Structures are given as C-alpha cells and as structure tokens.
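What follows is a pair of complexes built around subunit A, which joins subunit B in one and subunit C in the other.
The block that comes next holds the complex of A and B.
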C-alpha cells in the first residue's frame, strides 16, 4: 500500500485577489514507504508547496490527500497537527532553530506537548545527538554552533517524535560540498532504518546521488517528468 | 498524569522563553511589582488604620453630647446632665473635661484630658509618646503649662503611654481634674461635653432624637457616626495616595500593555517554529499564558510581600505624612498585621488577570498562522 496518495491536488494562493497565484495544478502522486524521493525543479515550480501539503502543514485548494490510507484533507487543524506531529519530521531550508536555548532543547522541542517526561525526552534527545556525533554540543546554545552542527541539530529535531517520513526542503542550500555529503550520509542511515525521505532540492549533489530512488521534476506547479532508480 | 507532564513541559519552555528575554521581563517585573506594592500598601495601611480606630472606639461611650452656641462647641453645665439622666434607657451620664493646648516652643497642639486614672495623682501628668518626643521629657521630668492667667504651672510626668497606643495617644496629656480646672480657670459644674451609655444599643438613635428635642442647644454624637467618619477619612486619604501614584500606575499600564500586546519579530518567529514542528495553536496559547501568569503572579506576590513588610514592619514609612495625620506630632505606631482576603482577591483580579489576558490575545493572533508559513521563510 502507498504511504501517501495525492489525488488531483491544486493549491491556489490569494484566491479571488489580483495577486492570485496557482502554486500546484492537478498533481496526482503516490509515495511508497522506505524510499528516498526528490522533487527537483526551479524556484517557484511548487516543490515547497507540495511538501507542505504532503506533510499536512497546508491544505490543498482542491484534491485529496491520503496518509497511510486515511483521508486527511477534510480533517480539522487539531487532528492534522496530531498526524503531522507523529508521522512527519521536518528539516527546513533555513533550519529555524530557536535561538537562546541549547541544541538539546531545540531537539526535544517538538515533543514537549506530547506529555512525555522531560527526563526521558532529554535522554532520547541526547541519544539522537549522539547518533549524529553531536552529543558533546548538547548543552551549547544553537547560535554558537557551526552551520554543519546546526544542520545536524535540525535533523535530530526532525527525528525526535520517531516519524515514519522525513521531509527536507532544500536541505543543502546553505551547505558546502563536504557538509552536503555529510548530510546525505546521515539521510542514507535513516533510509536504511526504514524511514521514507522526501526532499525538495535543485542541488545536483542531492538528486544525482546514488541513494535516491525517485526523482520527480516539477515545473509551473506540475510534475513534468519522473525518473526511478534502476 | 500525562496532562500534568504536558503542562509541566510547556511551563518549562515558557520559563526558558522568559529567561531568554530576561532584560525586557526583568524591567517589566520591576515596574509591575512597584505598582502592586503601592496599591497593596495603601489598601493594607488604610485597612489597618480603620481597624485600629475601631478597636480604640470600642470602649468609647455610646453617645457624646456637646453644647452648641452659634454653631460652635461650647462648655456644658451640670443642669444638662441632670436632664439627660431622666431620659428612659440612658445610664452612666458623665461630664468630660478635655481641651487643646498649644505649645509655642515646639509649635504643637496637645490634647489635655481628665481621666479617672489621673484623679488620684494631682500635680502629675501622663503623656503620649509624641509629646514626650517633642518636649524631650520622660518619667520624673517637669513640664510647664501656661495657665489662663498667664502663670506657669509645672506638672511632673508620672508616665509615658506605650507606643502601641500611639495612634490615638501621641498628642495626649492625661491630667487630674483639679489641675485642669486650675489651668484653664474652669469653675465646678462645667464640663467640655457629656457622655452617656444607652442600655439597649438598638435604641441609640431614638435616644439621640430625644436628646435633640429635650436639649435643643446640644448635638448628640453617636459612636457609630464617629466610626463611619473614621472609615470615610481613611478611605479618602487612601484615595489621595492612590491619586498621587495614578501617574505611575498609568505609565505602567501603557508599558505593560505595550509589552504584553505586541510581540517582537523574534517572538513571532518562535511561535511560527513551534507551529511548524508540531505544536497546536492551543498549546502555543497555553505556553504564552504561562509566561503571562509567571510574570504577573511573581509581581503580584512580590508586591504583596513588600507592601506587607512596608506597612506592618516599617509602619508604612512612605505614606506616613498623608495617611496618619497632619499635626507636628506624627504618631509612630506599628499597625497590627492583618490581611483581608477579599482585598487580596480584588487586587489579584485587578492585576494578574488583565495582564495575563493581554498577553494571550496577540499570541493567539500569531499562533493562528499556517504552519507552512515557516517553510516559505
């Protein structure tokens, strides 16, 4: 069974206003579990919007989204948040770490409202940072971390709720080649663990990587081409 | 338990969030605490004074009868006393002797009172702590009073009243009847005013009415009326202090409103991140409410404790001149610690609740943004 099914998804921003803009136009797609798919395309092609809708962050203007067979398009925000929290982990282009608190606190931030005891949360957070080779920086405030370290904190944060799917938007946009390769190596480990990984990227280092199972090319809000790894 | 742990986690983040902006929050806390301190001090102080007055007046006579001539208080004769004794329900009619005495050397007014305690010791006086301070006179010292004929009479200080009664005894000089009459040239059978008891307290008003009809040149003053006057007086004085600090309070309200209702860019960004990583709108609002509660409750409790110490341990040093008196002889007294839960609750609802609500509204606005907004930044 497909993990995610998109059926005729259209997303229109500022509908009815002079600046109305169609970001996605009748996109249908199925995403299987345990694979790495990359959405590539130029800026404004709809990659980020598509990932937002897949990740239950935004609702489509038309069409239906099914996550693990459950129709989520018509769900109220509260339920959508719950699905997002337990199914998806996000790595943002700008990382969006909260300044002034430690790396560890940033990692466990998505799990605060879960009601899990703080001590146990911290333990899991440290374990994740350890896996990413960053446990020695757990108590360091994020503004003191290097770009690569901050990236790894963002990855750990995406994993704290043990999501089945990891979504990353332009994850290598601000990284040099070495850090980009480190990032891809980390993703490879996650893929090996059975996670489904979705990227939006126009970095060849990402979409030409051998570990990528599927590349979907987007342009003007549509999927115009698709390539699967042989 | 899960719910409690969830709240604990959210409070933990709220506290860390407050600490991250400690400069702004510390400034807010200081001003907030100051305003609560002022308001609570006034409330505690006025209440303590009223209680003190009530306690003092508990032993006062039910009715005081004063004679009026041309609208002014005049001396009253024994003849009036005999008429009062004939009124049904009236008992224990007594003549009182008291007077004001101005001491030019220190520019202070004393109240000279004849009491039963002083009857047995002519040639001596008992003085209030205020008199003792201004004249620098203690037990065994002689005090000279200028009589009605210009001659000086020296009386020995037999004792100084304890400071616990200073609110009412600061300017008091207790003197024997013989010395009083000699000093002011007052013949026998003449009194300053008369006091009486009414056997049935419910009949006090009826008795007062009878007195007015029987002795049209007098005015009866009821104890309850005096009590009401005291209460009104201290409430009014409390109001004056509050009016003086109204400017500070207004500045605080504007400051707090500004800080509470407007979110900085950083705060908005943080709320966006929380939403994007999976916090619900309601959880963000709860977190921001905790921030507001922590600030306002801390300020409230700090202000309350400081006000308590100020009023009950330092005798309300800041408000002394306005609240306690207007004479040279300011009483120094230690109000008995007392807190009215109703007043504390009122203060709580006037300070903590509005601030907390004010912090939640803008956060609610910011928390309703779509979580994907952060994806586009």
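The block that comes next holds the complex of A and C.
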C-alpha cells in the first residue's frame, strides 16, 4: 500500500489576479514507504510547493492527498496540526534554528506541545544528538555551532516526534561537499531504520546518490520524467 | 427615535448579524447543492476553505445574538424613564406595536442560535464535516427570522417617541390585564405551580437517567427541558412574580430586572435560557448518533450539555424556592 497518494494536485497562487501563477499542474503520484525519493528540477519547477502540500503545510487549489490512507486536504487546520506533528519531520533549506537557546532545546522544541514530560523529552533529544555525533554540543547555543553541526541539530529536531516521513527542502544547498556527504550518510541511517524520506534538490550529489530509490524530475509544475533505482 | 449607545449597538449588531447570515446563507445554498467530499475539484476545495470562515463568522454572530437578547431587555428597562406612564421595560415595549413581537422573536432566535452554535461545535469536532449540510439547512431556516428581527427591532427603535404616553406594567400585567401576553397573568396559580414542578421534575429525572446511560431518556429530557422553559416563563408571570413583589395582584415579568429586586430577573432568565438551549440541543444531536465519525465526538458533548442544562435548571429552581421561601406574601391556593 502506498504511504502517500497524490491525485490531480494543482496549486495556483494569486488566483484571478494579474500575477496569477500555477506552481503545480495536475500532479498525480504514489510514494511507497521506507524509500528515499528526490524531486529534482530548476527553481520554480514546483518542488517546494509539492513538498509543502505533501507535508500538510499548504493546501492545493485542486486535487486530493492521502497520507497513510487518510485524506488530508479536506481536514481543517486543527486536525492537520496533529498529523504534521506526528507524521512529518521537516528539514528546511534555511535551518530556522532558534538563536539564544541550546542545541538540545532546539531539538526538543517541536515536541513541547505534546505535553510529554520534559525529562523524557530531554532524554530523547540527547539520544538523537548522540546518534548524530553531537551529544558533546547539546548545551551549546546554536549560534556557536559550525554549519555542519547546525545541520545535524536540524536533523535531530526533525526526528524528535519520531515521524514516519522526513521531508527536506534543498538540504545541501548551503553545505560543502564533505558536509553534504555527511548529511546523506545520516539520511541513509534513517532510511535503514524504515523512515520514508522526501527531498527537493537540484544538487547532483543528492539525486545521483546510490541510496536514492526514485528520482522525479519536475518542470513547470509537472513531473516530466522519473527514474527508479534498479 | 431615541438615540442611546445601547440602541445604536443593538441596531448595528442586528444589521451585522443579518448581513452575515445572508452571506453565510449564500454559501449555504452552494454547499447544499454542490458539496461532495469525494471530489477534489477546485470548487469543492474552495467550499471547504470557505465553510471554515463562514462557520467562524456565524459562531460569533450567534454568540452576539444570544447576548443581544439581554442587552435588549436591559435597554428597554433603562429607557422606561423617558416615557410617561412606563414603570419598567413592560411600558417601554408597549410604546409601539413592534416592542413585544421584537422581544418574542429575539427569544426564539436566541434559542435557535444557541442550538446552531452547538450543532456547529459538534460538526467541527469531526474531521469529515458530518453535519455540514444539516447545519447550513438549519441556517437557511434561521436567516429569515434574523432578518425579521433586525427589521422589527429597527421599526421598534425608530418608532420610539418620547411624547408617547404608554401603559405601566400594573395595567399590562395586573389583575385586569387583557391581550395575548397579558393572558399569562390570568393563569391560575395552583395549576401553574403543579405544571412548573412537574416539568422541572421530569427534566431532572430524565436528565439524570440520560447521564447514567439510558439513551432513550435523552429524547424525553430534551422535550421536557424545552417545555420547562416555556412553562417556567409562564409560571414566572402568573405564580412566582407575586411572591417577589409581595403583592398578589402584580405579575410583571420586567420589574424583577430592577435594582429594588436585586436584578433577580436577569438570573431567572439567564438560567432558563442557559438550561433550555443545551437541553434542546441534546435532542437535536441525538438524531445524529448514527453517524460514524461522530461516535467518539458526541458522547462527551451530550454529557456536558446535559450537565449544563441540569445545573442551570437547578439554579433556577433554587432561585424560585428562595424567592417564595423568603417572601412575606402568603397565598392560599385551592
């Protein structure tokens, strides 16, 4: 059974205005669990918009999205919040770490609304940082971390709610080759744990990686080509 | 027309509620005709987005509607000083022919608006909009009443002339009173007391049975709580108010809103309205208990509504007992 199903997704910004823009045009797609899929394409091809819709951060103008068999596009925000929190982990191009607080506090921040005990949250946060080789920097404020360390904090933060799906938008855009390879290694471990990973990227280092199961090429809001790992 | 801040607030509020109801009804018609959750069409997604906005707007509009009933009563009470002959809101409402129809319509709309709010809240508790068609059909029924209320209220306030000599409540609700509203005065005290006790007793017993898990008692509870509302209003006029005034011939339902009587009328009316709305809503919601996605949503809502209704009717009963027990009036009833 597919983990994510997209049926005829269209997204039009500024409908009816002079600056109307069609970001996605009738995209249909099925994504299987426990794989790594990369959406590649030039800027403006619709990659980020598509991931935003899959991750329940935006609603399409037309079409339906099913996540784990549940239709999510018709859900009001009060239901989507819970799905976003427990199903998806997000890694953004700009890491959006909160300055002035420690790496560990950044990691556990998305789990605060769950009401879970702080002690158990901190324990889980430390374990995640440890997994990414960063436990010695847990109490360091994020503004003192290097680019690679900050990237790993963002990964740990995406995993704090134990999501089934990790979404990353241009994760290597600001990383050098070594840090990009480190990032991909971390993703490989997540994939081995059974997570489903979705990337938007136009970095060859990402979409040509051997660990990628599926590359979907986008242009002008449509999926124009697809390559599956043999 | 007498211009006071409360009159302006009521007129603007009613106009706003009426316009919002019209806007919501236009979307309601589209929803009734085109709603199809299985479709991913652009128009369906537009309806889904719009219904969220519309139901939020209407929730605030109806919350104002319920509150405006009390503002209207307060305003009528406050303005009585301006009219020769008026001793309380009864006289103010009698200044022209629109006063009493307005207040009766406001009471009806407050009841319906309160029930709509509860249906809307229940619908929002499920993820698949199970009551969407029903609540918009209900809204289409209420909208003409809201517009009628705005028009009647406007006509009433526009027709308030300070040179009108009106009647005092002594003649409107006295022993010799005549007319449909005043006919409540003539109801015999003994049978009214029996009807009040019986309706409240049935409400309490059926409500407690329903809360303990007897689903079939829910229907009876709903009907009896609504009946208790009307019987209690009638009993307030014919049976209870003479005890408050300590005068067997005075039955005014508005003088009890005055300071001399510790504003006890507001507590009577608020507890009655607060008891009737959730009680009636229980019956409405029970008719939806077969809907799959409401299985987890309905039981806690029904429990809370029943508790709220029982608690407020209990409060009303305490006020009645208190008013009669501490009254110097002794009435011999056959």
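Just so we're on the same page, the second predicted complex is superposed on the first by the 230 of 230 C-alpha atoms of A that agree within 3 Å, B and C clash if a C-alpha of one lies under 4 Å from a C-alpha of the other, contacts with A are read in each partner's own complex, and residues count from 1 in each chain.
In this text, a contact is a pair of C-beta atoms (placed from the backbone, for glycine too) under 8 Å apart; a residue touches a chain by one contact, two chains touch by 3 or more.
Keep in mind it's a predicted model, so treat the numbers as computed, not measured.
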Per-residue touch tally on subunit A - higher for subunit B or for subunit C: B
First (subunit B), second (subunit C), both or neither touched by A:94: first
Partner chain in contact with A:73 - subunit B first, subunit C second, else both or neither: second
Touched partner set for A:7, first subunit B, second subunit C, both or neither: second
Which superposed partner A:114 touches (first subunit B, second subunit C, both, neither): first
First (subunit B), second (subunit C), both or neither touched by A:105: first
First (subunit B), second (subunit C), both or neither touched by A:60: second
Interface residues of subunit A shared between complexes with subunit B and subunit C: 78
Interface residues, subunit A side, partner subunit C - complex: 7-8, 10, 59-64, 73-76, 78-79
Subunit C - residues contacting subunit A, complex: 37, 40-42, 45, 48-49, 52, 124, 127-129
Of all residues in subunit A, those that touch subunit B in their complex: 48-49, 51-52, 57-58, 77-78, 81, 84-85, 90, 92-94, 96-101, 105, 109-110, 112-118, 121, 157, 161, 169
Subunit A partner contacts - residues on subunit B that touch it in the complex: 2-3, 5-6, 8-10, 12-13, 16, 20, 266, 269-270, 272-274, 276-283, 370-372, 374-377
